[in-house]
Amino acid sequence: MPAVETFALEKTYRVGFWRSSPKVALKSLTMSVEAGEIFGYLGPNGAGKTTTIRLLMGLVNPTGGSVKILGGSIDDPAIRAQIGFLPEQPYFYDHLTAKELLNYYAALSSVPAKERSRRIDATLTRVGLAQDAWNTQLRKFSKGMLQRVGLAQAVLHEPKLVVLDEPMSGLDPTGRREVRDLIEELNHEGKTVLFSTHILSDAEALCDRVAVIGKGELRGIGVVADLTASVKGNVEIMWQGASAVPAISSMGLHPHAVGDTVRVVVAEAKVDAVIDALRRSNAKLVAVTPVRTTLEDYFLAQLAKPTAEVSR
Amino acid sequence: MKHSSTNHASLVLAVLACFLFAGATAAHYKVEGIRAQTRPEEILYIPSGKTLKRMSLGYTGLLADIYWTRAVQYFGWKHKQRSVDYHLLYPLLDITTQLDPHLIVAYQFGTTFLAQAPPNGAGEPDKAAALIERGIQNNPDNWRLYYDLGFLNAMERHDYVAAAQAFARGSQVPGAHPFLKVIAAAMAQHGGDVETARLMWQTTLETTEDAMIRQNAQKHLQALASDDAVLKLEELVRQVKERTGVQPRSFIDMVSAGYLRRIPTDPLGRPYKLRPDGRVEVQDPDSLPFISQGLPPGYQPTRPIVPGLAK
Amino acid sequence: MNSRIGVIAFNTFREAVRDRVLYNLIVFALIMIGASLLLGQITIGVERQLLINLGLTSISIFGVLIAIFIGIGLVSKEIDKRTLYTMLTRPVRRWEFILGKFFGLVITLAVNAGFMTLGFFIALLYLMHGFQRSDLSILVAIYFILLQFMIVTAIALVFSSFSTPIESAVLTFAFFVVGSFSEDLRGFAEVAKGTSHYFAVGMSYIIPNFSALNVIASVAHGNPVSHQLILMNTLYAFTYAGTAVCLASLIFQNRNMK
């Protein structure tokens, strides 16, 4: 049973003073997140990531389609008991301390009273919040500290599914490292993790599968390796002999010369033409190497495509 | 698509809301019933018009209107309650007119209802005079106020000289009702007679804009007409007895004997009663609150009414 | 009361009592009570009456301000600041959230009113050097003020379940003002004719009847409050507030969090 399933999920907002002009935030999204995987939901800012997550969490009602969470409905409290959620830029009650806040949430998630204190301490340690901040009111917290408290409340009650909206934002490099580790740990414990991000390196390092979304539309979904392989990559060509430079430049390419060695990166399709040109100029071919495609290349390639020819 | 439990909860909430609101409405109705029986003595939070004027932050017009409404409602309520105690009427009117010195209707209302004897008024003609004098000071160009002062002096204080003076002063004001001169003259000659009273009530009736004052004037005119009719009927009965030696037993007898064309009725259309001793009585003295003739022996007003206030 | 409602109510209370706005308003109310003692010295014969009038009016008005200031934060501020997200994704039903918030604020207001009442009775003791039997009806007046707070809170909940914090504050305050003039509206209904009569009668039942809950003036004169009125006002306040809470839950049940 998938942890998250959506069927033709749609959200259209009405904007303007009279709410007359429709604005599509999410267009017919059908996808699933398998139990036990780390799933990355990628897209540039404003692509509809947060809207999707709010729809999944039942905070916003869809204008079309439906969502299944852990095989049930998010409106069912029994299902909600099994999920943990970190919103984007979380904000909590100013006047509570970190421990009070977690105690409150633990009570709402029906964590037995006896276990609460132990579990709160363990969770706060786990998310790396310094112990001297545990009894400080949240209004004195920095953005990074709030982010950690947010993570703590999301995993406190040992949910089966953890949904994190931009979990790395507001954190310094060490913090990001720690969150990556936390996500992997959760995954090892058998939890499903769904997180959104616009930072691709995080996704590439962590995710079993990713979905790419742009302008409210799904642009691609799959295993990271498969996705990057699907992109027609570039090839780096190096040769010796600066005399060939004008001929290559005339093909609309931008060769770089370092002493007598010249280097150019071209699309796969153009490799033959370039090599022919080099031969004609009597340049000495040194190396022809495919450039490794990253998720970023895939990402940019998908977003650059006109919406009609999106790969599914 | 919403989960069915959400829809279910919405339905339950909607039904519950309806039930609770029905309960609230019933309780509200009941509360107003209790309050109508036991409405506590009203008091003024701030008894000084000057203080209020300062506290009103300049919104004196609105505040005056609120106090004016309170004054009218206070009087109306007390009157409905058959109260003889109207001690707040003067302060309310005083504050109202301090907040808005040009609220003519408040002076007029005050003159009428402060002066009349309880239960038809507060029975404070001197305070009424003070109020109207202040009204004249603040609005020297309004002839109606002079008229009201004269009226008050004549009808309630029986000071016909002062009344004539007031009417004369009023007649000098540009645009004054021409009647003022007539009344001033009548006042000087026949101070307390019924015809003058009738003339004055008639003028009030024709010139006032306030419904309560108009209806009050109407009641007075009806009372004057009724008193007149009762005296005439009693005189007729006496004459019949003199002529025939027999005391007529009823108006029906007198009609069949040809002394009357039909059964006489009071201004409200109710037949008069003829008592065995020859006295004429009105059927419902409560509906003619200002009559002095035709009252049943030992009559006490039980249900004084100012039309328009009583529901 | 199920445990989640209790937990939310307690948290609302705790959050409220840690807000400085609250203390400012309470202190101000106590200053007003103190000032009425001073004012009493320059009037003759009505010191007690003045203290009761001004004191209880202060408790009422400042309590209502607190109810509005904190009450609007109940839902609309939580939506605005998105504190709700981490709550509504827990096994909490939305109506439980509304009910918890409502109880939390009512408790907060009751505690505040308790403090202000204490201040008031100290002032009364200072003035009269003792208590008398008719002081009991002052407690009834304060009880009615509490009922009034309950209604204001419930109304604040309704408005804040669908509008922004500032809009809900303005709307709730407007309701409070109109409700305080409900007497005059009823007076208008009595004299009005035709459509405006029915409109006024209808409105007088929709807006809260704060006139009936205000017995300050009568109590200041030492008049007792009838048991029947206490009973019926209680019934009224509970059913009216209940209606509003149901309405707030109903609106909230189906609303989108932005």
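A, B and C are the chain letters, set down in written order, and residue numbers restart from 1 in every chain.
To be clear about the criterion, contacts are C-beta pairs under 8 Å (C-beta built on N, C-alpha and C of every residue); 3 or more make two chains touch, one makes a residue touch a chain.
Bear in mind that the values here come from a model prediction, so they are computed numbers and not experimental data.
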## Note on the structure
Looking at Cα centroids only, farthest away from chain B lies chain A
### Message
So, comparing each chain's Cα centre against the centre of all protein Cα atoms, which one is closest?
### Response
C
### Message
Could you work out how far the Cα centre of chain B sits from that of chain C, in whole Å?
### Response
40
## Note on the structure
Whole-angstrom distance, CA centroid of chain A to CA centroid of chain C, is 48
## Note on the structure
Note: chain B sits from chain A at a C-alpha centroid distance in Å of 82
### Query
Of all the residues in chain B, which ones touch at least 2 other chains?
2, 6
### Residues of chain A whose C-beta touches two or more other chains
61, 74
### Task
For chain C, jot down the residues that touch at least 2 other chains.
93, 254
### Query
Of all residues in chain C, which touch chain A in the complex?
3-4, 7-8, 11, 14-15, 18-19, 81-93, 254, 256-257
### Task
Could you please specify the touching residues of chain B with respect to chain C in the complex?
2, 6, 9-10, 13-14, 16-17, 20-21, 23-25, 27-28, 30-32, 34-35, 38, 40-43, 45, 66, 69, 73, 311
### Query
Which positions of chain A touch chain C when the two form their complex?
54, 57-61, 74, 77-78, 80-81, 83, 85-87, 89-96, 100, 104-105, 107-110, 137, 150, 153-154
### Query
Where on chain C is chain B touching in the complex?
49, 53, 57, 93-95, 184, 186-187, 190, 205, 209, 212, 215, 217-218, 220-221, 223, 226, 228-229, 232-233, 235-236, 239-240, 242-243, 246-247, 249-250, 253-254
